[in-house]
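Should a chain be cited, it is by its letter among A, B, C and D, assigned in written order, with residues numbered from 1 in that chain.
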Amino acid sequence: MSKYIYLKEQVYEANMEIPKEDLAIVTFGNVSGIDRTAGVVAIKPSGVPYHRLRVEDIVVVDLDNALVEGNLRPSSDTKTHTLLYKNFESIGGVCHTHSTYAVAWAQAIKSIPNLGTTHADHLTSSIPVTEIMSDDMIRRDYELETGNQILDLFTKQALSYEEIEMVLIACHGPFTWGKDPAKAIYNSIVLEEIAKMAYLTLQINPDADTIKQSLIDKHYYRKHGKDAYYGQGC
Amino acid sequence: MSKYIYLKEQVYEANMEIPKEDLAIVTFGNVSGIDRTAGVVAIKPSGVPYHRLRVEDIVVVDLDNALVEGNLRPSSDTKTHTLLYKNFESIGGVCHTHSTYAVAWAQAIKSIPNLGTTHADHLTSSIPVTEIMSDDMIRRDYELETGNQILDLFTKQALSYEEIEMVLIACHGPFTWGKDPAKAIYNSIVLEEIAKMAYLTLQINPDADTIKQSLIDKHYYRKHGKDAYYGQGC
Amino acid sequence: MSKYIYLKEQVYEANMEIPKEDLAIVTFGNVSGIDRTAGVVAIKPSGVPYHRLRVEDIVVVDLDNALVEGNLRPSSDTKTHTLLYKNFESIGGVCHTHSTYAVAWAQAIKSIPNLGTTHADHLTSSIPVTEIMSDDMIRRDYELETGNQILDLFTKQALSYEEIEMVLIACHGPFTWGKDPAKAIYNSIVLEEIAKMAYLTLQINPDADTIKQSLIDKHYYRKHGKDAYYGQGC
Amino acid sequence: MSKYIYLKEQVYEANMEIPKEDLAIVTFGNVSGIDRTAGVVAIKPSGVPYHRLRVEDIVVVDLDNALVEGNLRPSSDTKTHTLLYKNFESIGGVCHTHSTYAVAWAQAIKSIPNLGTTHADHLTSSIPVTEIMSDDMIRRDYELETGNQILDLFTKQALSYEEIEMVLIACHGPFTWGKDPAKAIYNSIVLEEIAKMAYLTLQINPDADTIKQSLIDKHYYRKHGKDAYYGQGC
């Protein structure tokens, strides 16, 4: 039996949330997870439809994207995932989907403003969108450069990847991450709902404004940090 | 066996309508019910996903929010629920969701105008929206003050909580109530549909107007009050 | 056993399409069917949720709305149904829903323009909307007058109820009919889809125009009349 | 047993994706497949609802639309399908749906601009829309002329049917094709999602622009052609 079976099962379960939660059609989207002790990442194979995906199809690679275990090619987005693991040191899972409303904001090249408490429960800022990639980066090593776009955005805007666990790639779609694969896909589910709510809010009231800082802080810190009192504390 | 088993079962069943009717994702939303003789409120535990919720997880508190029965923390919104029970004396259930269209109206800080008979079947006025909470109230005792925002709105606008069983909290989302937990969640289902219909109506015709008073009265009073003739009279 | 069992089963089956096809929430909507030989109409009982509806709950009335068979009150819209049966002599079923997009057009008080072949496959004109009912009619005999609004519209605009089997009641929602209850509910399904398509078309292109007469005729007459060649001819 | 059983099963399975993926209501839509050696096309029968469709109902015709096998009339759109097979020599399946967002673009008579990588993964250009058919063509041999509209569009705009496997018929809806029936319906699923994403993108940002050529090429050619590296290479 695979020595990575537990990781592969976690990654399989998280991937299967993508079709269940309508976050992508056909073969689109992928979730990965990392075993930092072993230095390996497990990820969905490329182009496999979800209804045919099995635990044993999950591919294991190292942080240099070399194959460690598996009979299939890993997701074509693997280099984006591994770059995030190398630079966001405390994360354990990464998720990429083509969920409809998040993609629409990404295609519109607009960050999603913080318009309500559903958003503020999860992050204090807008959900950021990268710049359009340069022709040179696209042609060089596209999937790696997609990861670099995310890193550059977080550096330039001085964002914390531990607070903001989601981003929109301009003209493409969302990436999310978290402490494990389950939290990464959770964030994709939440992002899609926030994206839809923000869309509708601005259709109803094009002048709707970002909510006040005190309300953002209240909602974010009742769920995060040492004074959190939402949930069961585990 | 719990002496509150009947109440807990009612509250459990009403909570399970939230995911079934797509009124919130993941762990969001909560329904409670009150036993006025015993002076206790049963409510969803905080942060528990619906697919893992069991009857025995429902938490029982008193009207001062002190734990009466249960191994889990009650919903972080408990103080809003208990304040409503203390002030709206004839209600038996309260429901809070993050349903998408109702949240969009709340984030737009717009009351939902009475644009048709689906709305008038349930209430004669618009569905009201609170003011934005002051910084001071947010920092003091947020969930209690959320309840106070509702009470203040009903007092200032001279609204009847027995007729208008739904409200939008600005920047947040809807609360509904009713004679029991089942009626509270019923009102959340109806509110979401009215919110979607009103959104679409104004997209089709931005000049769509509130319906006439005679039509509002006809629909409301064929379902409510002594001359009601809709339903089976029970 | 009921002598109207076959009619009641047809009506029950047609009513159960309403929740299955998402044409109304909770208890809204109703389908009826007529046995013209016996002079009776079978219809959904008032205010019963679909998941509790049984064949034996279907109520039978005569064309003067007097109870013939059943333990429950008939739909509060019964007088609208019976008036249509009395005036539209060849129809065998009537359906009323609160389907979301059709209601939005009705609340916007706009007829649905014939923007494509999905529409033209079913009727050659727009889907008409009634005028707003007068206060006097609302207070007199509301459900009967709802039927009169439909009859007046068809008379004034010289429309054929045999071609146009659907109408929007201003500020309320759709009524549809057909040769039997199954065709009546079929028309409600089609109307909702046409209503959504027309909504989206005008959002994409506010100047979208009614399609040309030759295309309307081609699609309508390949499905209807003596030269029809769509379907299996039965 | 039918000598075309394998083709009929393929065509049946592809047709059943239409209701499963919500690409048409009631009886609308149809998928066909060709056996080029035998010179026959298998297609959905006309006007049969999907829940009653069986493998043995699939109709087999030759390329001149003459019946080869089957007890039912073939789809009224058969002549469009056979014309495409005669002119697009490498295709093995054709699909026509009335999917909601694709129809809305067709009714708006707008081609769908290439606004993101979900689109660019499948084709490099916009999704083209035909011109409105002339009265003369409509009255002559409508379904054949629908095919001619597609051929004329591809000729005039010098488009490759091997790259662009989807088209919108003005005022009507989409046709898609591919190497087999499964790929034809796959393309209809993808088209509907692209159509919805493009709609939402332009609602969020009416000035959203077509993505840059380098990004289009990167995404298209990582999935197509000799240097493709997406998927499992089979």
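By definition in this document, contacts are C-beta pairs under 8 Å (C-beta built on N, C-alpha and C of every residue); 3 or more make two chains touch, one makes a residue touch a chain.
This structure is a prediction, so every number in the text was calculated from the model and none was measured.
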Both-way neighbours, i.e. chains that touch chain B and touch chain A: none
Interface sides of chain A and chain D: same vs different residues, half threshold: different
Farthest chain relative to chain A (centres taken as mean CA coordinates): C
Centroid distance [mean C-alpha coordinates] between chain D and chain B, Å: 46
Separation of chain B from chain C, taking each centre as the mean of its C-alpha atoms, in whole Å: 33
For chain B, residues contacting two or more additional chains: 203
For the chain D and chain A complex, residues of the former touching the latter: 115-118, 186, 189-190, 193, 196-198, 200-201, 203-205, 208, 211-212, 214-215, 218, 222, 229-233
Interfacial residue positions of chain D with respect to chain C in the complex: 25-28, 45-48, 72-73, 76, 98, 100-101, 103-110, 132-133, 135, 138-139, 142, 171-173, 199, 202-203
